[in-house]
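Each of the two complexes below includes chain A, the first together with chain B, the second together with chain C.
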Partner chain A sequence: MYDIYALARGPLAWGAFIVFFGGIIYRLAAILLEARKKDHVVYAYFSPYYAMRSMLHWIVPFGSRSMRQQPILTTVTFAFHICLIGVPLFLFAHIILFKESFDISWWTLSGMAAQVMTVIVLLSCVYFFVRRIVQPDVRYLSSTADYLILLLVVLPFATGFWAARGWAGFEIATLLHMLSGELLLALIPFTKLSHMFFFPLTRIYAGSEFGAVRNAKDW
Partner chain B sequence: MATTEPKANDEPIVLDDAIIEGAEKLSEEDIAQVINDMIRTEGGARFKAYLNTCMSCGYCSGACHYYLSRDKEPRLAPAAKVKQTLGEFVRKKGRVSRETLMRSCEIAFTDCNLCRRCMMYCPFGIDVAFLMLFVRRVCHKLGVVPRYIQDTAHSHSATMNQMWVQEDEWIDTLQWQEDEARDEIPDLRIPLEKEGADVYYSVIGPEPKFRAQLIYQAAVLMHAAGIDWTMTEFPGWDNSDMCMYTGDIEMTARLKKVHFESALRLRSKRIVMGECGHAFRSVYDVGNRFLGWKMPPIEVVHAVAFYDELLAEGRLKIARKFERPVTFHDPCNIVRGQGLHEKARSVVRQSCETFIEMEPNREHNFCCCAGGGVINCGPPYKNKRVKSNRVKAEQLMAAREKGAEVVIAPCHNCHGGLEDIIHHYKIDIEIKFLIDILFECMEK
Partner chain C sequence: MKQYHKVSSLLAVFAFAGLVFFAMSTEAQFSITTVEDSAFSGKERMRPIVSFDHDAHMAYDAVEDCNTCHHMWEDGKKMDNADSIGMECSACHLAEPGNSEMNLISAYHRLCRTCHLNEKAGPVLCGECHAGEK
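And then the complex of A and B:
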């Protein structure tokens, strides 16, 4: 048990972070180079002002008509993403690990806040799952990958919550938490979760085309 | 032509014999080869980013008039159209059946107007129109294209205009309109081949063919505003382009080249185009790109912007405002395409007594369901096209209830589409071009 823990805490964590950052760099570089070759318009019409304008409208909750038309989905989506990124980055238990390993630390969430935010992530996933099954258009659009990435997100948060609450078997939960978190990190660049870093690219292009060429709004 | 009527339960069937004939000639190997070649050569960064990034969230569904009008049929959500076409192409590594190819052809050509409304409703700004055009290009390369629009593309290839108009017919039409107009304004001319004019005026093929009065009205407007203008007697007079919509980008480039070059040959200062949406798209941000021009090599002004400019400069004066209450339909290709909505409203407000907004409007207006080459796919698809835009009918009815008696649509395709909708849903509203209003109200 301790051996596996050491493995998850050491080499696997390193591996996950390397694959995560390396994967992002690789995929971004690949797509930007391919755009150089085949999608000249992406560079030719790039406009920082309109790209930012578009990004702002889509990164601010209810900044677009589309988001206003689906208030529940929009509220859940924003709450989900904020908690999804916020909890792992500012969790006290995570910062301790960084402190131990590299002697660096930063601001942390209170334990209560982290737990509430984790519950928000989990409930959001339940909402997304139910929505995928219940709403006909989304059900039609959903593929196995869409369900699997939901599971991929649920695992580290559910096990993390379990461990944090100290429920029975929390040692196992901790281990599962580390492993599933590492799996999630490593898979982000190579699954649909890559929308995390493709979002700015597609928005920059859409914003530039709509703003600089077509003098129109894109929100 | 049409083999069967659509079944009541909305089961997908292929309506167009040219699609069936085209597909029958192909083996699965042929199909796979073309699809894979296309993905390898033209499936670039945008293609990959769009397909990888779609989270199947359904934000786009509510943007699509097909989806909304057909009782939220899941197959008609924009992302679903991608899933059924490119999704299958990629998933099966090109080895799709003829049935899938035929269905993909119908989806890309007749279930999407390439209006780009969904791009505004997608959190990632995924350009479904771009992806549908990719499917259309695959279909074009495989020779599987709806008959009517392919005929139009053939006309473009053979005559450099959309409607098989011969050179003498074109000149005759202009002379005929000039002759008619001279009854009203004795010194009016439609100048042909004049070098160094301020304005090179170009129209789309259907104007000399069906709507010659628009050329008459434009001539009167040019005369009244004292514009130094010209048209060309040679190919290049037609600024339209259905090849852009069949996926024949090589022809698009040729067409736009002829158009630009005839204006440049006459050393005109700029091109002014009649009230057409898709032609503007082809000249302003499609054809020029295929020719390697970041922006058109000569300034291109859409009629709506031109009218606004003439009114602002006082060259065009309104004698008496149009009395009946009007509403305005924002054509996709000049609003999402060049943001002309405020200029259009300025012209409408200056020329009409009462202006009633349609909801939604401006960039968020619903497409007419005729654009993107859909109306050009002809009679086999007319019923579907009308049925698939019930939301437009509701939008028009709401404007009618607020008192609008006339809907102004400065686009030929929109006219065709809206006419069919008005007729089918029995809406008591009349449709006009902006120049119809100006012609009636300006000082001549």
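And then the complex of A and C:
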């Protein structure tokens, strides 16, 4: 128990953060270099104005046509992403660990807010899962990896909730929480979850192409 | 004669009350079973209260002296032959300019958990320490 804790709190935590940030830099650099080689006109047509315009339309709820066509999915998706990013970043239990290790701290959520937001993440995942199974077009497009990614996201949130509530078996839940959170962090750059940092690139590319070249909307 | 009886029974009552008070106060002083820093009282705690058997800790090998916990510092070094018995941790760890509650909580966690982790004995997870009633 103590060894697993020490491992998860020390080397594995370092490893996860290094792979996460290193992975992001690597993937971004790789794609930018490849674009320069294979599709260098992309750079010529880069337009900050149209890129920003596209990004804005896709980051504001209901800012795009496809979002307005699917109001439920859009609502769930936005609530999900806000909670998904907000909880780990502002959870008191996480910040106090940063304080203990590096003497840095920042604003934290109340325990109640964090728990409600965690439930929103978990229910959203149930929704995404059911949607993948029930909706024929989505089902057709879903691979095993998509289901595994969903599980990858669910694990740290479910075990974290369990640990925070102090339910029976919270010791194992806490350790699983640390390990699954680190696994998730390390895999983000190398799975579809990379849309986290590819999102701006996609919008810059599509926004510039549609706006500056085709004179059309891309939202 | 009547007067004398009155006085003596009054004295007896006082003596008994004094004894009870003494017993209660030593009880309170010598069997600390929780950590309840006054810095966290007065508002709702975020976590359940931490139980802490003060006497039992004195018997553990890892606990060398009172100042293992009730420490005193000088010029950035911990003093061997001085202690801060009778002072709450918050008396110093909250008092430094710029310090917040985060510093105090961090001090508790680092002192308690570091030893448990080194000794591979005692609680290290949030829920193991914060296991009492809210």
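Just so it is clear, the second predicted complex is superposed on the first by the 219 of 219 C-alpha atoms of A that agree within 3 Å, B and C clash if a C-alpha of one lies under 4 Å from a C-alpha of the other, contacts with A are read in each partner's own complex, and residues count from 1 in each chain.
Note that a residue touches a chain if its C-beta (ideal position, glycine included) is under 8 Å from a C-beta of that chain, and two chains touch if they have at least 3 such contacts.
Everything numeric here is computed off the predicted structure, so don't read it as measured data.
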Review point. Do chain B and chain C fit side by side on chain A after the overlay, or clash?
Key: fit
Check your understanding: What is the contact status of A:Y5 with respect to chain B (first) and chain C (second): first, second, both, or neither?
Key -> second
Practice item. Give one of first, second, both or neither to describe whether A:T159 is in contact with chain B, with chain C, with both, or with none. Key: neither
Review point. Is A:S105 contacted by the first partner chain B, the second partner chain C, both or neither?
Key: second
Review point. Which holds for A:T118: it touches chain B only (first), chain C only (second), both, or neither?
Key: neither
Review point. Using only C-alpha centres after the superposition, what angle do chain B and chain C make about chain A, to the nearest 10 degrees?
Key: 170
Study note, to complete from the structure: Between chain B and chain C, the one with more contact residues on chain A is chain B
Exercise for review: With the two complexes superposed on chain A, say which partner A:S180 touches: chain B (first), chain C (second), both, or neither.
Suggested key: neither
Check your understanding: With the two structures laid over each other on chain A, which partner does A:I96 touch: chain B (first), chain C (second), both, or neither?
Key -> second
Review point. Touch check for A:F170: first (chain B), second (chain C), both, or neither?
Key: second
Revision key, fill the gap. Min C-alpha distance, chain B to chain C, superposed, in Å, is 36
Check your understanding: Which parts of chain A are touched by chain B and by chain C alike?
Key -> none
Exercise for review: Could you please specify the touching residues of chain C with respect to chain A in the complex?
Suggested key: 46, 48, 100, 102-103, 105-106, 109-110, 117, 120, 124-128, 130-131
Point to revise | Complex contacts: residues of chain A adjacent to chain C | key: 2, 5-6, 92-93, 95-96, 99-100, 103, 105, 111, 163-164, 166, 170-171, 174-175
Exercise for review: Show which residues of chain A lie in contact with chain B when the two form their complex.
Suggested key: 31-32, 34-35, 37-39, 41-42, 44-45, 54, 58, 64-67, 69-70, 73, 77, 132, 135-143, 146, 192, 194-195, 198-199, 201-203, 205-207, 210, 213-219
**Study point:** Touch list for chain B against partner chain A, complex
**Key:** 42-46, 48-50, 52-59, 61-63, 67, 72, 74-75, 77, 79-80, 83, 119-127, 285, 289, 294, 335-339, 360, 363-364
